[in-house]
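Each in structure tokens, the structures are laid out below.
Shared between the two complexes below is subunit A, which has subunit B as its partner in the first and subunit C in the second.
Right, the complex of A and B next:
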């Protein structure tokens, strides 16, 4: 009882800042947008019907899923060697390497994207290298398109993937890999037949988490897409602040939440199916 | 087993991707040119000077610093008692309470920001200080609770029990014994919640107005319009500040433990 009392102030603020806005979001998604664009109080599923019947919405959903699924997969693939290296490093190096891998999380997303603009832009590093080596004559379009968005998103998802993999791989007994090596398996075979199958639950967990984060990413598609890349998040923002169609924005946000909820349930099922992934800590 | 050269190479590629943007921001921020050209046509401090004399960005910097200080204070004051309850007390629904206090982090900030706009705007609270503080506390309190829970749990229970034996009330024991021992965690929580608020972009985008805007929002809008070395100078300043904070937190409690998800 005293526990709930101690937490009451924090809960009160979260109710004010979380429960109330989410209830408001749902309520407004049932309002009607009149032909003049004004909002009218109502209880109707007009906004949902408008979105579901719209080809553009379907394109947005497909865009978003393709972008997030591929970026999450690449991020996990790039994070795996980092996590394996950190796991095998001496205690002295382990902390430093892990820190270098997750430090980007605390650096503002916009600041890192400015760095990517300097790397991928028409006068950026990669194009300077390519022209300097005589490989290409004109600048390669690496930014203000899906390529740029995907690269930026992969980088922003990698630290999360590293964190999930480190938690999962920490419970993987290195003796099994040593045993494989003792029994004559070479490194590639040990990796493919022992490490990778054992890491599979952690890889899946990392992919699902980064998928969820990728689906709701806004800043990266907006800045790296240069206004030419459209995903659910950018559309919700535009509907709310540019078109000022609140019921439309709220309904699309509710649809996004529904999709994310389904994915979170899937994550729970996966975690329950592979109990090894969150088993009690090995000594 | 020692890592193979293949693993080292693959990991090096990963680290390069993670760290290269920061390196490029550093180089380009000292450019003497007009655009984000690499290599820069020359080196200068002109864009840092231009940044300092940009009134709009400097006003936003002041707003963000004050806002982050308020948010860090509020979320620590509200989060610490809740964290103490979760870490120290036995009561029904403790797990539920912990889950409720972490719930906002599960949802996209875009949806949280939109929800806040829709309910605050009709009350005239959008683009006001209370609105921004509320929006930022939404993401800062869960962080404060998580870090403080770890910090309180790390203080041996026996210390408090000893204080009770010596006649201290439970309240006095908590405030005089456990709280000072959890101080490094509290400082880390303050630093991280400050950064969470100082860097928060998406929720703020919905809650700012022409007369009250934060630095990340102004930076985002600037980068949306133009990419010049001025924005790189600002990005570099923010990266340096964040790294300083990371080192500080690492010294205090270990950074990966503080932000670890599982």
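Right, the complex of A and C next:
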């Protein structure tokens, strides 16, 4: 009982800042959009039916999942060596290295993307370097396409992956790796046969978290996609602010929310199922 | 429904709504319109002369027209805005949803001075208060001789140097209609425009220029873009001619900004007075000469130099394609899909 009382302020904030607006969004999704775009008060599932029956929605879902899954996988793969480096560092340096790994989170995501646009653009630093060194004769298309979006998304997801991996790897018993070394395994074999299998739950948890973040990403596809990258979040923006079809935008947002909730539940199941992650819950 | 909508969208717009609320308390009439250089210039030559008569005006930046519509929807039960200037397509939705007042000619004698096309654009609600039109902008240092047609963007030498917004952005819809008209004398015939659109798309670096085409040209990232005349003319002046502005031979379409009194406005009398002022000849002349939006008041005596930089100049008027935006809105979804599947998909990077 006391726990509920203590949680009451947070629950009230959650209800006010999330549940209430979401309920309102759901209500808007049941309104009707006329042929000319005006919104009429109604209780209809027309917008949902239109979206579900549209081939382009399926293409958007596929685009979104492919982008998020691949970006999350690359982010986790790049984050693993960083997390291992931090884990293996002396206590004196560990905090500083961990801070450096997640430092991008201290900078606005939009500011980071503007930086990427300057670096990856046709007249950007990388293309200037490549053409200056004679490696390429013209600018490589590193932005305003899927490549640019993937680069930006991986960079923005990596700090989250590092955080999750640090939490997971921090609970691995180093004596197991020492035992492997004692029994004659070299470092590569120890990593492949001991560290990596034990880190699998943390890797999966990191991938699932970054997958969820990737699915809901909006700024990166919008700024780095050059109008060529269509994902669920950009479509919601277009429906809301270009065609002003609020019921359609709200319905698509509700479908996206439902998908994300399903993934979060899956992540919870994974966390509960794997022994490694049960250990995470131990105080 | 109204409570839900007001609650949800009121939360989203709470920061912006706080300003007009404060203005209401001080007795000022609240005008919502565009930000940036539009605000600076409109404030100087239209709002300040009105305020000189002792009627305070609070100018609220509404972002895009769609964002302004969102604000009006959110405040439907308790409007904090008195007058709104927004583009014709969005204003039509506000009119249909009862968010702005109807303006019968009998109650608004000023309408007799307004261009018929501007009056028709507003339907039963507020009329057009200024004309703008689609233009092509280019880098005068990099593109010689000066281009005269949209199809100059399709030249093979311009690969990767073009930026223009795709539908559902209104500029993408406009250029589609213009190229369809040029090919088939029917702006609705998107099929006739496809070959031209694909040819331009092959050279396109971005279908969503950020922050905008003018800035990307000035930064050397693009050589061609599309834009709206008024802002393009200002950027031309500010860049000492680096940005060139062309009303292409294929034609152009008007993008009309309307002025409306918000339904149930708290300062209704002042709002009506401001709308009358904004539609009158002198402010329209002043704003055209400052920012090159075409005047909708037919009695405005605009200098020939300024008029020359609008689509209302005699030699340009026959290039303006009569486009029914209400009909366009019905075609928009189909065009959007064809653009994505046939134009953008055919222009990978």
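We adopt the following convention: the second predicted complex is superposed on the first by the 261 of 283 C-alpha atoms of A that agree within 3 Å, B and C clash if a C-alpha of one lies under 4 Å from a C-alpha of the other, contacts with A are read in each partner's own complex, and residues count from 1 in each chain.
Here is the rule we use: contacts are C-beta pairs under 8 Å (C-beta built on N, C-alpha and C of every residue); 3 or more make two chains touch, one makes a residue touch a chain.
This one's a predicted model, so the numbers in the text were calculated from it and none came from an experiment.
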Putting subunit B and subunit C on the same copy of subunit A, do they fit or clash? clash
Once chain A of both complexes is superposed, is A:84 in touch with subunit B (first), subunit C (second), both, or neither? first
So in the superposed three-chain picture, is A:49 touching just subunit B, just subunit C, both, or none of them (first/second/both/neither)? neither
With the two structures laid over each other on chain A, which partner does A:196 touch: subunit B (first), subunit C (second), both, or neither? neither
May I ask you to decide whether A:25 touches subunit B, subunit C, both, or neither, giving the answer as first, second, both or neither? both
Applying the touch criterion given at the start, work out whether A:272 contacts subunit B, subunit C, both or neither, answering first, second, both or neither. neither
Report for A:101: first if it touches subunit B alone, second if subunit C alone, otherwise both or neither. first
Name the contact category of A:253: first (subunit B only), second (subunit C only), both, or neither. first
Between subunit B and subunit C, the one with more contact residues on subunit A is chain B
According to the stated criteria, A:115 is in contact with first (subunit B), second (subunit C), both, or neither; which is it? first
Thinking of the overlay built on chain A, is A:179 touched by subunit B (first), by subunit C (second), by both, or by neither? neither
Clash with subunit C: which of subunit B's stretches 6-14, 24-32, 204-212 or 240-248? 204-212
Dual-contact residues of subunit A (subunit B, subunit C) 20-21, 24-25, 28, 117, 121, 123, 222-223, 227, 240-241, 246
Residue set of subunit B touching subunit A in the complex reads 1-4, 6-8, 10-11, 13-15, 17-25, 27-28, 35-39, 74, 77-79, 81-82, 84-86, 89, 91, 93-94, 97, 100-101, 103-104, 106-112, 114-120, 134-135, 137-138, 141, 145, 192, 195, 199, 201-202, 205-206, 216, 219-220, 223-224, 227, 231-232, 234-236, 238-239, 242-243, 245-246, 250, 254-256, 259-262
Subunit A residues touching subunit B in their complex are 1-4, 6-7, 9-11, 13-14, 16-18, 20-22, 24-25, 28, 78-79, 81-82, 84-85, 88-89, 95, 98-119, 121, 123-125, 128, 154-155, 158-160, 163-164, 166-167, 174, 177-178, 181, 187, 209, 216, 218-219, 222-223, 227, 233, 236-237, 240-241, 246, 249-250, 253, 256-257, 260, 264, 278
Can you list the subunit C residues touching subunit A in their complex? 1-2, 4-5, 7-9, 11-12, 64, 66-67, 69-70, 73, 89-90, 92-93, 96-97, 160, 165-166, 168-169, 205-208, 210, 219-221, 326, 329-330, 332-333, 336-337, 340, 344, 347-349
Complex contacts: residues of subunit A adjacent to subunit C: 20-21, 23-25, 27-28, 31, 34-39, 41, 56, 117, 121-123, 139, 141, 144-145, 222-223, 225-228, 230, 238, 240-244, 246
